[in-house]
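Next up, some structures in structure tokens.
In what follows, chain A forms one complex with chain B and a second complex with chain C.
Take a look at the complex of A and B:
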């Protein structure tokens, strides 16, 4: 019997498991597969506007941030800061001033906290930068990137392609392939010797994020010293190293703290009918061999929204919650789910579970459906996290609140 | 195959599998699980065979299927592609995939076989003529077979068990315990008996997993069918089968059905009745287990959960139990696979890649200054031990020590 059972291995679930473990709970995390971190930019978006703290206090009462409360967000950010320092993978930024970063396509990404290697220089309109791609790396185009940045008012001095030593690769390279080439210090020296002469006149260089998967902070510093220019990394299309580094940091921390992680087995909710109060007893896992029951005092659902498996849309226009079959708030008419432009606010993004301020899913009367079931992250209704730029902030604020309520 | 095609179309191309694949990460010779699995299936045609884009570089560790958030059986797809009617399987693969045949033959001449294995001349000949890397680990044979030594545990039919009133379990020892490491089986039985169980050895043959990994599906199916036939009468009496080698138990739980295509009532019964050793004692004997006062094992150790164990989808039950042992300082390996993945690391042309896959793990063991390494799979233990010069144990050996059995 575990104290807290977390379902979902994305950013939200991993954070919830660590937060519960920090409060000395026995924690088990189950997930049918990895979460979305390896396709993420690896930053902590809290709110996209220029002054998040003011914007947050003006939100609707049903917005996940309002329900979780400011304290939960602050506690979570502090906890994350501690974890990242322990792991030598520091984040920089504040809630009062946004950090501006370029995307791989030259769009502007406004975030709150970003890994040092992405954000140590930031980009500023009056300081010219250079952008390089690496020979063989797929899906990274410096010309496209710089033209788009220039449209946004930034100055790009040079774009270039940097070669890799050794034989020509047999296929397109992923960011993870190049990171492997940077893992070894003598290899780093070889690459830097090849690059240095090509960097005449460059003092700020944006590279695709390929500088190491493990001990990436060390790799970043050493490459920067070897090249003698200020570097910043730009997250690539998947697999994205900043996301993977964040994933590794969180799962390593969770394992170190004694969280039992069960990956690869989908979970089905089990309801406890024995007592007077409505409670869940845990889940049944579909393992390789067969079903296995896991019992828990409390369960935290961190399974994500419609794009992540926590909510599943049926062919007949219904949306169901995938583990406990909880009631979901959504528009009955399929026509209303999507707006024509992908850049519009999307109604489906706001679909999800209605919860109270203890993060318990509630019914139409506002009563908790199960007293020991909590929800966190994208499965909660009421936020368009894409447009708001609030994805990771909501993940950790609601996870923090859910953990506190589960262990009350 | 229709199921594969449907599942391939379920692939979102998110590349989460590519990001996690331990082989693609270290070599550009492998296109990665997404490209070799679901992506190549898009080029399917009813009249033509699927193109091969390097599936033999896949080590069959199963990580891709495990991490896929959209339930695409990537590893299973790639495994099945290895069964091509046109594919020429090298002699080497036909030999190293038959541990039982090798063991049976070599155990007749144990001292000679063991000294031959140490001969550099023979090893370079094996490399030159067969392509078995001279650096690969070919384990020494045990002096006595496990099965021979524990003859009194052998039970042919469930009728013989009728008198027994205790909870009864069958132990599937597999080839490595039988020929190379009988101590693992002896300790497993000792622990299970200490927990109050009645343990017997049912009739059994090699699980067939090495054959399957080498694309020899017909031969693997023969062994699978044989095992199902041997074990079925016990399964009908609801007797669980426990294994200490996670690759054998994975074959029973998953591969017979999902890769070899033996999806029958009996194979499902076998899957549902098979347990990893630690999975069983953690879930079915927790009171008996945690009643025992564990003795301290003062050591620093690295635990590596094998890829084959991860594919059970049961987490790391050994770790949960090891954490209860006083004075044992544990670190856990984050590596998805140690590299050797059964027979993969034995092959000359794969050896370097297999080594690179495990490099982070080896480095971790050395820099943490571990006294020893623990891993549930025999090939992982041999491989990690060789590359770190550290002793490697099955976690149950440490549990036995803590229970005062050794």
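Take a look at the complex of A and C:
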């Protein structure tokens, strides 16, 4: 019997497990697989506009931020700050002043908190920068990137392609491949010796985010020192290293705190029919060795929305919640689900579970469906987090609130 | 205004237009083809990919059936690279009207279409995913015909013998002197300029736009339009074309098309060539029909839905809810006879399978005007494939696996195995002006991820030395087009794929920041 059972191993689920563990609960985290952090920029988006706290207080009462409350967001941000410093993977930024980062497309992404390797050097319109790609790396295009940055009013002095030592690889490289080359300090020195002569006149250099997966903070500092250039990393299309580093940071922390993590086993909800109150008793896991029951005092559902499998859209225009078959809020007419351009605000992004301010999924009358079941993150209805630029903020605010309510 | 002159001006670079241009070039005529967008952009590129055996029309339209049977044999000779020899299975289900089969069988024999009766065991062995509710089954020689591959190679062959094809050139008006069309004003989207093309004869082969083009010469063509919708499934569940052996109805053909499988089609009367948006009921209907033949098909991953517009000649202008009875065989109008304007023909309708024959009829007529005695030779002159077997996915995979210079070639589109060097070659050919053109040329972005991963890579290559704004607007419109093709299929894996693409573009790349207020 565990105190808190978290379902889902994405940013939201991992955070919930740590937050519960910090409150001295026994925590088990189960998931059918890794979460979505390999497609994440690894930053903490809270709100896209420059004045988040004003915007947040104007949201509808049913918006996940309003339901979770400002305190939950602030507590979560503080907690995350502590975790990241303890793990030597610090984030910088503040809620009051947004951090501005170039994307791999040369657009400007506004976020609240970003890892140091992305944000420390920073970009400013009056300071020229240079952009380099690395030979063999796919999905990073310095010319395209700098032309778009210039369209945004920035000055790019040089673009270049930097080679890797050794034989030319016989296949395209991903960010994860190149990160391995930076793991070893003698390798870093070899690479830097090759690069240094090519960086004449460069003092601020943007690189694809490839500088190490583990101990990346140390790797970043050492490469920056070896090159004698101020560096900033730009997240690549998947696999995105800053996302993976964030995943590692959270799962390492969770494990250190004693969280029991079980990946690779899809969970099916179990309902407790014994008492007179409606409760869940836990889940049954499909493991390689057969079905296994896990019992918990409280369950936090952090399985994500339609992209991550917490919600599943069927062909008949229905959407089901995948673990407890909870009622889902969505438009009955399939035609209303999507707008004709992906750049439009999308109704389907707002579909999900209706919850109360304790993050309990509720029925149409507003009553909790199970008194010990809580939801967090993308499975909650009410926000197009892409347009809002609120994904990670909602993840941790709702997770924080769910943990507090579960342990009340 | 810049000007030039030609003997034959063909408007429209679909199957009909390119077929006519090819035939005319082979007979020694000087030919220019113009198209408002690209090759196979209209109905020709929006069909199910079926090479008819003729069986489908044996009862309802024996003339068309006979033409299909003959052209099937010819196309297998002159364009084998674009054809997959799947065979066609005509199945009658227990619930289908039993009287139809003997009638159909007799009609096929009368026309001379070879029909092999298959036992239940043979059907099961050949196509195990088919329903067991089959009462009778017959094998004919239908096939899969890739119209992109066919028309791309046809365009290359036309250019090789001196024909000119100008894409992104839109016909804007005619110069008419003494009731004869003597020239056409053509607007070049590339040069942003109007060109005057003098021509002895103009052929209007613009399919569903034929009425709009004729209207530029103040001529009315009574066309009605019918939308046919198709759904591609990301897996092949049969290796044979499957027809329902019953009086032709909607949704009764399934065509395995190289790596995918297409279910079609519907028949919805619409007002114009532009009414392409799909009614969700059409998708439900098609999947339901597919389910009757292949149980479980509707739970497979749907790849994309699209629709094409059939131009139907309808001089009687009947008000009818169904357009299926209206003439589908091809139409050749000599406007000298019908409208008193000479030097102007309209050719439209017909099927992709019989495009060569339509062209032959049309060019026979043109040759008479020019006093050319040369006979049509398109029956026997092979179409140069240009790039052999390029459009077949396994052959692209095989090539990638070869040692040698291509070994270091990187893959830009993983789903369709399109490599960097293939895209570079396409870019150098100068036939493209957008990522969508590049897609038709190389199959970029046509697989399950629908360009989610490859669009930015291709954009970075195509616009390496162009302005950022041009690259951005083309990329956005490409992504939006791919998105629209999966809109009616947004459930299960397609839904997740769409959500993934949106996440990638809006969050990780944050492209909408560059769109600013336009988004």
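What we mean here is this: the second predicted complex is superposed on the first by the 408 of 408 C-alpha atoms of A that agree within 3 Å, B and C clash if a C-alpha of one lies under 4 Å from a C-alpha of the other, contacts with A are read in each partner's own complex, and residues count from 1 in each chain.
One rule holds for everything that comes next: a contact is a pair of C-beta atoms (placed from the backbone, for glycine too) under 8 Å apart; a residue touches a chain by one contact, two chains touch by 3 or more.
Just so we're clear, the structure is a prediction, and the values are computed from it rather than from any experiment.
After superposition on chain A, the partners chain B and chain C are seen to fit next to each other with no clash.
Of the two partner chains, neither chain B nor chain C is touched by A:362. Legend: residue contacts after superposition of the two complexes on their common chain; A:139 is shown touching chain C, with no touch to chain B. When chain B and chain C are set side by side, the one touching more residues of chain A is C.
When the two structures are aligned on the shared chain, A:170 is found in touch with chain B and with chain C.
In the superposition on chain A, A:39 makes contact with both chain B and chain C. Residue contacts after overlaying the shared chain place A:260 against chain B, while chain C stays out of touching range. Contacts of A:337 after superposition on the shared chain: chain C is touched, whereas chain B is not.
The superposition-derived angle at chain A (between chain B and chain C) is 90°, Cα centres, a multiple of 10. In the superposed model, A:248 makes contact with chain B only, not with chain C.
By the touch criterion defined above, A:271 lies against neither chain B nor chain C after alignment on the C-alpha atoms of chain A. Contacts of A:238 after superposition on the shared chain: both chain B and chain C are touched. Of all Cα pairs linking chain B with chain C in the superposition, the shortest spans 5 Å.
Shared contact residues of chain A with chain B and chain C: 39, 170-171, 238, 309. Across the complex, chain B meets chain A through its residues 14-16, 18-20, 24-26, 28-29, 31-32, 65-71, 249-250, 252-254, 271-272, 274-275, 283, 310-316, 319-320, 323, 332, 334, 360.
Against chain C, in their complex, chain A makes its touches with residues 39-41, 45, 103-110, 138-139, 141, 143-144, 147-148, 150-152, 168, 170-172, 235, 237-238, 240, 305-307, 309, 312-315, 317, 334-335, 337-338, 340-344, 346, 348-349, 386-387, 391. Within the complex, the chain A residues that touch chain B are 28, 30, 32-36, 38-39, 169-171, 173-174, 176-177, 180, 214, 238-239, 244, 248, 251-252, 255-256, 258, 260-266, 285-290, 292, 308-309.
Remark: chain C residues 280, 287, 298-299, 407-408, 410-411, 453, 456-457, 459-460, 463-464, 467-469, 471-472, 476, 479-480, 483-484, 487, 490-492, 495-496, 498-515, 519 touch chain A in the complex.
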